[in-house]
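Below you'll find the structures, each written out as structure tokens.
Next come two complexes, and both contain chain A; in the first it sits with chain B, in the second with chain C.
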Partner chain A sequence: MTRSRHIWAFLFLLLPVTFYLVVVIYPLFSSFYFSFTDWNGFSQDYSFVGLDNYKKMQTDRLFRNAIENTVIWTVAAIVLPTAGGLVLALALHERGILSRLFKSLFYLPICLSLVVVGQVWIWIYQPDFGLINVVLRGVGLDNWTRAWLAKPDTALQAVIAAWTWQQTGLAMVIFLAGLTAVPRELTEASQIDGANYWQSVRHVIVPLLRPASIVVIALAVINSLKSFDILYMMTRGGPFHSSDNLAMMVYNESFQKYRMGYGSTVAVVLFMITLVVITIYFRQQRGLEQLYD
Partner chain B sequence: MTNLASAATTEAQADRAKEQAKARRSMVILYVVLTLLLLIYSLPTIGVLLTSLKTNAEISREGVWNLPDSLSLDNYRAALQDGNAGPYLINSLKVTIPACVLSIVFGVLSGYTLAKLPFRGSDILFIFLVAGLFFPPQIVMIPLFRMFNSAGLYDTLWPMIIVHAGFGIPICTLVLKNFFATIPTAIREAAIIDGANEIQVLLRVMLPLSLPSLAVLATLQFTWIWNDFLWPVIFTRSDEVRTIMFGLASLRGQYSVAYGTQAAMAILASIPTLLIFIFFQKYFIRGLTLGSVKG
Partner chain C sequence: MRRKTGLHLLLLALIVLGIGATSVGAQEKISIVHYFSDVLGKEAIGKIFTAFNETHPGYEAVDNSAGHEDFKTQILVTIAGDNPPDVFSYWAGARTQFVVDAGRLMSLADFWEENDLDAIIPEGVKAAAIYNDDIYLIPMNAHLTGFWYNTKVMADAGITKMPETWDEFKEACVTLKEAGVHPISLGSMNRWPAQYWFDYTVSYTAGAEYRQKLMAGEAKYTDPEVVTAMEAWKELTDLGCFAPDSNAYDWTEAADMVANGTAAMNLMGTWISGYLNGLGLEPGVDYDFFPFPVINPDVPRVTHGTVDGWVVPENAKNPEGAKALLLHFVSKESQELWAVGQGALAASTAVDPGIYSPVMAKAAEHLASVMFLGGYDLSTTPPMAEGGLDMFAMFMNDPSGYQEYLEIAQEVADDVFGG
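Our next item is the complex of A and B:
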């Protein structure tokens, strides 16, 4: 009985595990391997260069820049969609029939591709007819207008703002799901005890939303680390690499400059950062489980 | 005495009425604020929709952000004819549907096995299979490019189908393992005693029960794969294998292409996921909110 069960288990797992190994795990190790080479992407030959790529990275201005931008993006991802999503969720939780329509419209951007999101936001930032500059001119702030995506000091922030617009809906949906798990008796009890709405939000609801917050933040951080589509659409990392993040740098080094060895090295760093995030996430999750037991 | 008591009740009633009025007023204020906020929040979406319906003459005269004087479908015609949207949409379907089906089939197999046919080390295998959920695709992009290039599959739709199916395994395994774990093992044992083998149990007993979970995964996977842009950029070059998102992005490079056409193409590209959003919202949300509620 057990034996036949094991045979079935093996048969069922054979395809998915093989596929996963070939598409995800093998390439992951392969990236490590190529990070020690000077492969250019098309020739058959390449040679081992030891730690050269890693040494080069330490003095590479573009790498430093990509790391800084990735950190900026990650911090923005932790703060902005989380705050916006929480406020929207609190405003829309248990607010009558109308709130269903509002919820749907607020999270509609999630189902749009980042390519479409990027496209629309290009028109918002466009210097001549773009929405922002038109509004600024309309209220007489002409000297505030600028070519938002073409200036190194605003390009990254502009892309992050567009990205946040989409991510906020996602955070809202997750917080709303978290709010349904907050027993109404608890908030009512706190209000009978004399707490006003804000006090019960702060001391009762927000602490109970901890599991939802962990998911929101983890998702936002992971999504920020992979963000490439919207950046490619809006600035391609420019102008002058001012909006490059690590994901964009892997692409640039590998598929624009044909330095796949060095590109792999950057990919390895990206993986290491992801590992740190995963570790923190699972620690938090485990902390929660202990809390609830 | 009775007078006093009735006076107290009327007072209490008045208080309650006052409180209700106050609650109603704050609700009205909340919705006024929310409506304004929603209007601003929706401007990008409304903008692209209206632009797609304007004539190009009007766009070049007044830009993108004005209300249209008249509505026309010319841009959609242009997107389909000059923009080549038709074949791009078909390519996207050719990638999305097989990749979606494959990843869910893999998820059913691994999820069921890990939940109902456990063995030594199956917990570790589960973590191993789910870990991929967190990997940025950029960390495997270069070796995959090399792999498909040497297999002669560069510039075909195959790499995208295969990679999406593989990258879908973590989420599908996670959702379905958790689902199958909630089904009583007694059901499986009863079927086995009745003479069914494992594959019959899976197909005839377990699969029908898991339809809601499959719907959750189908909506999620379809949306993600349809909206993807990275893999087409890495694996394709020719126009014949271009997906709709890549097609839309490449329109941007051609300055001769009017904004109206771009807008129409963006709407066409979004229709499938918008339909999912409208008709399967419940499943889509359930997928997005996985793991955010304890227990």
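Our next item is the complex of A and C:
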């Protein structure tokens, strides 16, 4: 590369790199910095409190609750859309014109913003005229009706169901793309050798879908860790924190309670967890690349 | 070449004319951020801004509104980022105190004195403007809380005299239940509507002074006084006075229950009046108001509510414009427009009392007769308020665990106030 091309490359990179530094790197380091302070988000004055915020987390009931909910949310976000997406992909792969319609229908929710999804499901869960309770009453199961989003034992699960409804379509599309790379002769060979459909899925198709599965699972984990909008829309972490995850807790501490220092500490923990997950993902990816090379 | 020079001259002339035109028509912008984003509030405040722009040709009021919850975040971010508006609306009480303590608001004591606001703002409302012995907030309106009831539902159940004591109130609940309606609707989805139950049960059993101590962290949520208050509240839940699943509805849905007659009454602020009027109900005919009943006759009555006001950030870019706007807000015309449009009680006594509906006049009369105290979330610090609001929602979900909820609230108080 000539010197002038280096200069041009530098000039072209300058704007996005500056933008990245200002919008991502600076706030990231600010969060680390403020996690050692008692800043309230308003004042120009604050004090350094050392590791006090980190010590406080160890005994904080709300932090423990947010961690538990984040784990439940993440596991559900991995298992449900992934399993649902795989089943749909297998059902709709190479099935003619009607399957194209169903593929579009199942993919449609991912095109909606999470705020819209949240609002639609708020209506579905509405206790008086919401679809679920109306259907339950219609089939005589009045005892099963409840205020789904207002009860601490159902609120988180209700939001997870809405999330799954949206995310399954994305998993389905990635698995469908993966299925096109599965050589037909392998499944045919397994069937000639006496394998039934499920045995061929279990022992031939699923192992060959490993690259797609890694993408689906990594996206599910990352999306679930950063999920905030649908929770904010549907429950705001309530009732009384029963559906709080770490991202919601960062918001509550920083902007509702005006404890930016402690909110930053929770944000740092969330960042660390996400970093671990991303590292595992990249290692898996590298392993796959080496395998295919 | 000549043509080029001609073009350059023409361009220069246009630029000069443009600058001239701009400077001739220049208006100083006053940026405002407020939380009056509902239909009624937006319409009324819009008219006030239009009138200001017409009567103050040198200024242009630039109106930005956000919903209550979004506003809380938005204003924090703009102030922390040193990019504040020139004026913003704020809730008097602990929230304003918080911003004052952070050194982010401009003192308005001189403005108050210069314009002799003592002549039009009554003492009780002025108290909401004072922080650290200085004036930082210009009150726009006061809202008090009480019971708003459906007159037909009450009459159908045979209740013609509204309850004044706790026993009469419980009796009315039982009568209404027997008549097949929910006696009380409560929409505590966003938690705050439940706070008034706590406010009144504490203030009407332990007294206003004790409540102020509790708000300041000088008393404990596990004290017998608070337990007694929660037990009074629980008497009503035990009687089945509340419509089920309070936490599933917001305050407007709870108001709808009163409007459509599925519930008889709702403990809410005067802003509900504007909402009910908007539904086509006639004040004094379809709905009416009565104050919270006395629980202990030895404890003086108070009213809990909200004062909405305007504050000016310390580093506002246009403080003079901001003050011109503040003066416009407290003018008789704006106050009347606002009180009628928003369904609020004007902060200024200069308004014509005839503007109020019979129901609002009744509320105004009550306000004048008792001590005014802010609602729970405006009386204690924001982190404590969050803990308390959780407690109220937990109580409405399962009242039987109230003692455990009080212990949790005290844990929060210990953390916040360093107990």
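Methods note: the second predicted complex is superposed on the first by the 292 of 293 C-alpha atoms of A that agree within 3 Å, B and C clash if a C-alpha of one lies under 4 Å from a C-alpha of the other, contacts with A are read in each partner's own complex, and residues count from 1 in each chain.
Rule of thumb we're sticking to: contacts are C-beta pairs under 8 Å (C-beta built on N, C-alpha and C of every residue); 3 or more make two chains touch, one makes a residue touch a chain.
Here the structure is a predicted model, which means the values were calculated and not measured.
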Partner chain(s) touched by A:G85 [first = chain B, second = chain C, both, neither]: neither
Chain B versus chain C as contact partner of A:G238, first or second or both or neither: second
Chain B versus chain C as contact partner of A:R5, first or second or both or neither: first
Partner chain(s) touched by A:F255 [first = chain B, second = chain C, both, neither]: both
Broader residue contact with chain A after superposition on the shared chain, chain B or chain C: B
Partner chain(s) touched by A:S43 [first = chain B, second = chain C, both, neither]: second
Which superposed partner A:P127 touches (first chain B, second chain C, both, neither): second
Doubly contacted residues of chain A, that is, touched by chain B and again by chain C: 41, 126, 255
Complex interface listing, chain B residues touching chain A: 27, 30-31, 33-34, 38, 41-45, 47-48, 51, 62-65, 106-107, 109-110, 112-113, 117, 119, 122, 125, 129, 131-132, 134-147, 162-163, 165-167, 169, 173, 197-199, 202, 223, 226-230, 233-234, 245, 248-249, 252, 259, 262, 266, 269-270, 273-274, 276-277, 281, 284-285, 288-289, 291-295
Contact footprint of chain A on chain C as seen in their complex: 69, 72-73, 76, 79-80, 98-99, 101-104, 189-191, 245, 247-248, 382-383, 386, 390-391, 393-394, 397, 408, 411
Residue ranges of chain A touching chain C (in the complex, touch as defined): 40-45, 61, 126-127, 146-147, 149-152, 236, 238-241, 252, 255-259
Residue ranges of chain A in contact with chain B within the complex: 5-6, 8-9, 12-13, 15-17, 19-20, 22-28, 30-31, 34, 41, 91-92, 95-96, 98, 102, 104-117, 119-124, 126, 128-131, 134, 165, 170, 173-178, 180-181, 211-212, 215-216, 222, 225-226, 228-229, 232-233, 246-247, 250-251, 254-255, 260, 263-264, 267-268, 270-271, 274, 277-278, 281, 288, 292
